[in-house]
Amino acid sequence: MFRRASDLIDSGRESPEQGTEQMPKFTRNRAKKVGLSPGTLAHAEEVKTEPTRVSLMAYDETTCQERELAGVQDAFPLKGGSTVTWIDIDGLRSISTIEALGEHFGFHPLVLEDVVTTGQRPKMEDHENHLYVVLRMVRCKGSTGEIDDEQLSLFLGPDWVVSIQEREGDVFDPVRERIRSGKGRIRKMGAGYLAYALIDAVVDHYFVVLERLGDRVDALAERLVTEPGPEALRELQTLRHELLFLRKWVWPLRDVISRLERSDSPLFSDPTRIYLRDVYDHAIQVMDTVETYRDMVSGMFEIYLSSLSNRMNEIMKVLTIITTVFIPLSFVAGLYGMNFQYMPEIAWRYGYFAILGLMAVMAGGMVLYFKRKRWM
Amino acid sequence: MFRRASDLIDSGRESPEQGTEQMPKFTRNRAKKVGLSPGTLAHAEEVKTEPTRVSLMAYDETTCQERELAGVQDAFPLKGGSTVTWIDIDGLRSISTIEALGEHFGFHPLVLEDVVTTGQRPKMEDHENHLYVVLRMVRCKGSTGEIDDEQLSLFLGPDWVVSIQEREGDVFDPVRERIRSGKGRIRKMGAGYLAYALIDAVVDHYFVVLERLGDRVDALAERLVTEPGPEALRELQTLRHELLFLRKWVWPLRDVISRLERSDSPLFSDPTRIYLRDVYDHAIQVMDTVETYRDMVSGMFEIYLSSLSNRMNEIMKVLTIITTVFIPLSFVAGLYGMNFQYMPEIAWRYGYFAILGLMAVMAGGMVLYFKRKRWM
Amino acid sequence: MFRRASDLIDSGRESPEQGTEQMPKFTRNRAKKVGLSPGTLAHAEEVKTEPTRVSLMAYDETTCQERELAGVQDAFPLKGGSTVTWIDIDGLRSISTIEALGEHFGFHPLVLEDVVTTGQRPKMEDHENHLYVVLRMVRCKGSTGEIDDEQLSLFLGPDWVVSIQEREGDVFDPVRERIRSGKGRIRKMGAGYLAYALIDAVVDHYFVVLERLGDRVDALAERLVTEPGPEALRELQTLRHELLFLRKWVWPLRDVISRLERSDSPLFSDPTRIYLRDVYDHAIQVMDTVETYRDMVSGMFEIYLSSLSNRMNEIMKVLTIITTVFIPLSFVAGLYGMNFQYMPEIAWRYGYFAILGLMAVMAGGMVLYFKRKRWM
Amino acid sequence: MFRRASDLIDSGRESPEQGTEQMPKFTRNRAKKVGLSPGTLAHAEEVKTEPTRVSLMAYDETTCQERELAGVQDAFPLKGGSTVTWIDIDGLRSISTIEALGEHFGFHPLVLEDVVTTGQRPKMEDHENHLYVVLRMVRCKGSTGEIDDEQLSLFLGPDWVVSIQEREGDVFDPVRERIRSGKGRIRKMGAGYLAYALIDAVVDHYFVVLERLGDRVDALAERLVTEPGPEALRELQTLRHELLFLRKWVWPLRDVISRLERSDSPLFSDPTRIYLRDVYDHAIQVMDTVETYRDMVSGMFEIYLSSLSNRMNEIMKVLTIITTVFIPLSFVAGLYGMNFQYMPEIAWRYGYFAILGLMAVMAGGMVLYFKRKRWM
Amino acid sequence: MFRRASDLIDSGRESPEQGTEQMPKFTRNRAKKVGLSPGTLAHAEEVKTEPTRVSLMAYDETTCQERELAGVQDAFPLKGGSTVTWIDIDGLRSISTIEALGEHFGFHPLVLEDVVTTGQRPKMEDHENHLYVVLRMVRCKGSTGEIDDEQLSLFLGPDWVVSIQEREGDVFDPVRERIRSGKGRIRKMGAGYLAYALIDAVVDHYFVVLERLGDRVDALAERLVTEPGPEALRELQTLRHELLFLRKWVWPLRDVISRLERSDSPLFSDPTRIYLRDVYDHAIQVMDTVETYRDMVSGMFEIYLSSLSNRMNEIMKVLTIITTVFIPLSFVAGLYGMNFQYMPEIAWRYGYFAILGLMAVMAGGMVLYFKRKRWM
């Protein structure tokens, strides 16, 4: 994936070959939305009828139910009791879903705007009765190791969690599996732990992505030495951009988790806070790794440049050796090709062979000279 | 737009082709004004009679009036009651307007000096009964994507806002539209919200500018690979300077908004503060983007340099191949052009063809050698 | 040791030539473990039967006993009284050992997970009744000066210390010797001093490693001038990576020790705290040295590049001199090889010798010119 | 002005062509003074009889007197009453003047030492009954735009200001003019405002200097593209050094003014503090500009380097084209210059013209090839 | 002095040509001492019998006695009364001296270890009844301007100062002279002032060293332009390393003095504290200068590189001009050296001269072309 500069403003405006059909069309184009009243959820003209996918999990220590819902409104009656309810929404196309959600839970209009405006910086906001967390979810796509990123909005209330993603497909399957199986702590602890588990899953996927990147960094380091060229340079540039983007997401991520851990919100119990500290350590590790990769990659350019210089020196040596050996020989040959009427050597019986010998000596001397200079 | 170093001192001293006729002539040239008493509003000799444009909007939840005024004094009687009054002044030419304004509202002479001295760093000052905010307003100009910037001074009082700009034409039309239409929150909330809306409009336009810059960064990245040359280098330099300038404006901008948000001024109500936090997030995003562009652009120079090196290698290879193939051949030809009387090969029946064959073998060998070295 | 980028994610996934047989197989591969419940100790399928080595030292001012144990459970009855107990575990293969340990001492599951997940960032956690410290232990391996690093987990309780290492072989032999001999302070002071002594041993080994690195830096500085080439460049790259890794470990190390010193934990007595300050000074010195090496090594690349440039200039000079001397001579020879019927010089008696003389003058003039330009 | 590294230690040790005769000879050479007791005012052997210039201004709201004094002692009786007294001393040669001043006002010996030791870092010290401020005063000298800098010591007491400069000629004439004319605030406000006005004059002159520098930066940017060469490189180096020096003075300057503004000294009234905030804004702007220039100039080196590379490529292309076109042609000519007895083409009637045609085709092919490669 | 990387670990392990005979042999080699109990003073096997030099000065306002002592024990009875006692120890060879000192004054074993372990980072420790300060003392050695550095340990008690140096010869002679002469403040003020005076002497010598370095920086700047080459490069590298080392010592030095000034230790009286502030200003100035030198030197590499590039361009131009002028001429000559039987020009009466004329025109055209391109 060649990360372009224009990706920074509006991640929704992707190039056609990156699958625009799955792309929600009403994603606010930051630059186009200029002038709208803040807190307005922009309706795109081309809203498709295809519905946004809403799924729900509700569980307590003993029971667990899981449903695919037609609309988000169906979820509200199911919420409550002693259970923890997790509403997961894939796709931002249906703006009415987001609005219904906001109305039911009392989300601030600006928050809803952030939800549908992809390209947010990871952040955490402590609202009166819920927390709002924006993260960036990364995954490796296909065989090329391209990084696929999307915005994840998490809302955490006393006994519910709402997660909103840009696209279907996420990194939460292991969490779902753990809830279903009822093993581990997850069913025993509240909504705060669920939010932690989702954040942990997001952070863990950074390691997967970093591992792939690490392999590419190693491969590139090798390649720059063995076959430096424009392709290697392009890969270097791509890697550098990807690391730039990763860094842009990871620095605030660390901040978000740190603020979650230290917030005095009652939504996180003390045992859960210890788990948040663990995620925090992981986020630091991710950041460290990104920075180390950046250092490595930035050093690689110098390797490339000196590789080119080395190669140039090689070429120049060949040129110089050939030129230096043959030009004097040619001169000698030219000398005896002159048509002067009186040239004593010409008439000698073994003049020709003497000259051939002289030439061999000259060439041999040159070769010796270059050997001593280590050019050959 | 090629940003020159001298632009930094006095943004009013622009080059002729950038439309000096619209440029207010009494803009204080920081360097020329040296020696004047501080707080003196410099009168330029060439003050034109053409009046500064003053317009007024006064609204409350139910009514909204909008007027073009002959002078700023006409605005003062209209102010007051339960309405919010917004006085917008375009152009700094009429120094008496600024002075009348300062007298009426009780602005400090140094503040007035800042208003007419363009090239201020964005800042926020909390005066007794009003806030003074300096921002830099950017827009894209014409088809080339040049950045047009001007200084915006904002004064916020209990029920009034005064905005002073360098030139006609601004980024506030959407705000005016929202006031006129009466939709959204703007008519219901006070002067603080209006100030927020204006700042938001300014920050939003940074995204427009950044999007254009992003496109140019991408185009340049492409161009440096496909046709590296002096023009690409000049564009690179221009982009770098523009990003340098943007950064110079955006860093203090973030600071200004953060101080507005955290100030304990009663001029901002609590709901408005939430909106300020939102603008703050946007300002951070702008800053992030500028920094990322800078990283990208700084990496591009290396791409360019290695592109040049690559090209040099290509040239050298051609030179070396040609030289290396033909110089030995020429030597052989020269050898048999010698005029020795006794050269046995000369007299051979097929000597000529034998030599031609030898030359073909030599050339072929060289070519093979270069193929194996991947030079061809 | 050529440090690869992929080492950063999972230090357990080492290349075969680095002795994978000693490598604990269940070391959590951070990326593979994605999806497991946090606090789960991952069981690798290939757990070998070969037991983890557990040894125990228990001492007070007068007595000292030392034992090799079959399992960690054997250690628990021996603990207690007025003695200090040090349980040292080599190898992470036996997950049941870690679990038994955790159960007995009441370690948090996340802490146990950190113990078996190598690649942790150095850190210090203050749990209710014990401290948990993660450090990275470095040693020089064999004759090449490769850096061998492993994770060390230290637990400090009121009268016990538990140390867990990745592999057999450590830097603690001098500490053991001091305990056995009963000389010095170590037998008189409590578990806190033992923990200090272990940390001090770890930090001291950084100096050994840095001394080796310093020798390599000096050798490289010499080599880059005397024989610049791809191998020197590769060594430069290796050194740079190793310093990058060292830095990654040393910065948090300093932090850990500083937090230990300033913590209000009763586990460290005031006299011991003075010793911690001393280790802190050493950690700063290590950090300083790493940074200075990094500055030196980063400067070396420039030396290398200019060395290449210098060499290129040398080559070009030779080429230019040869070409410039012989090409005009060859031209003159070619001139008199022309077959015009009327060429007066040809028929002169001493024409040939006159031309030879002219050529000698031309060549001499060129040589003088180059001498004056200091090219020869 | 080519700023030398040795200027940093002792600005008094200037090169002869910079007018040493005006240079006070007893300026402490920091390095030579080593070993003297601190607080000792060094007497240079070569103290000239030419007196230091002392002038005095004393004013209140209604009166203003101005005098040239024979010695500083003459000033003391004139001080006092309700007037503000400003003693301005040009030249540090007369050490007794400084000592008399110190004795009268009770300055600390270390402070007096700082006064005569030029090359101080800008700083502010709050002594019991007066403030001591060191600034660096810059001016543009002559037509070349050289920066002339000198140390300015300011003492501020309840109703007096003492300013001590290295040389005659300063940036204070506008302030004197304002005092004389009695216009503006200066006559109505106390000594604090006078001190502010002097500092403001100093900071304002930085803008003049920066404007000149900006013009030179722009001119250099142009020149590096149009005629890159050693002179442009030298100018680049000079600019870089000058910016380095400016930066060294401006950073602490900002600090000094910030500390003045925030100090709780009663010597500054509240209205004056607002003016100090204004100077602070200016100092920040100066700093910003210096940093931006530094960024610009540092980018210019890369422009220069790539300009050289471009030029090299141009040269190489010419060489390669000529060589590649003519070497094969020469080979063909050499071929038919061979003396074999049996060469069928030789005897052909139109052989010569056929070969000439062949050569034309070869040359044409080469030219086409280079055109397609865009080398021509 | 070429600063090697390995100097960083153990400054006692110097190369033979730097006079190891004066070098104390038991200086702890940080890396070799690994494993010793902390606070152990390492005895080297090769302790020489030559005694460490101990000298004593005891003075009050009226009396001053000065003695060379056989051993440090002789000093203790002389201490006391109302006098200030200064014990100065040169050389670390006699470990028993250090131990006796430590026992008498009650120094902590770790402190004694720091005293004999050269290569400490400058630091300040506030012990119960004394302060311990480590500084690095620099001097210029001989005519080459090599920097000679050694560790200085200072102990300050209520009425005594102990200074311990690595070698004989120090920067304290001016202080001794001031004590002997009884002029200035030094005899009137207590031990704190003496400690200040010693630190001041150390800091002042940094200026001497910096002045020498400044001269070398200037000389190098000149040399890199006039005769760039490997020696200039090596000097550049040496300077860079020396500045790296200086910086490593100066940054913590500033810190040490700042902490001394702000410490609430009763060992410094308030008047002395003012003097410490003065030294602090000097330390800042030293730091500033080192940083500025570093900036200058780092810019020089670019100058060197572009100097090389310039030179390469010069060489290439010569090569290209010669080649371009003569190769076409040679081709023409080769043309008429062909042996075709029918070549009309050959038979012309003035063919030869016509061709010579043609060649002259070709050569002249080329020269004109190069002149226009400014290559000649």
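Read from first to last, the chains carry the letters A, B, C, D and E; within each, the first residue is number 1.
Here, contacts are C-beta pairs under 8 Å (C-beta built on N, C-alpha and C of every residue); 3 or more make two chains touch, one makes a residue touch a chain.
Keep in mind it's a predicted model, so treat the numbers as computed, not measured.
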Subunit B to subunit C, fewest steps along touching chains: 2
Steps needed, at fewest, to go from subunit A to subunit D via touching chains: 2
Subunit C and subunit E, separation of their C-alpha mean positions in angstrom: 27
Inter-centroid spacing, subunit D versus subunit C (mean Cα positions, whole Å): 44
Set of subunit E residues in contact with two or more other chains: 305, 309, 312, 316, 319, 323, 327, 330, 334, 337-339, 343
Contact graph of the chains (line, ring, star, complete, other): ring
Chains in cyclic order, anchored at subunit D, direction fixed by subunit E: D, E, C, A, B
Residues of subunit A that touch subunit C when the two form their complex: 173-174, 177-178, 183-186, 197, 200-201, 204-205, 207-208, 210-211, 213-215, 217-218, 221, 225, 274-275, 277-278, 281, 284-285, 288-289, 292-293, 295-296, 299, 302-303, 305-306, 309-310, 312-313, 316-317, 319-320, 323-324, 327-328, 330-331, 334-335, 337-343, 375
Touch list for subunit E against partner subunit C, complex: 4-10, 30-31, 33-40, 108, 110, 113-114, 119-121, 123, 125, 229-230, 233-234, 237, 240-241, 244-245, 248, 301, 304-305, 308-309, 311-312, 315-316, 318-319, 322-323, 326-327, 329-330, 333-334, 336-339, 343, 345-352, 355
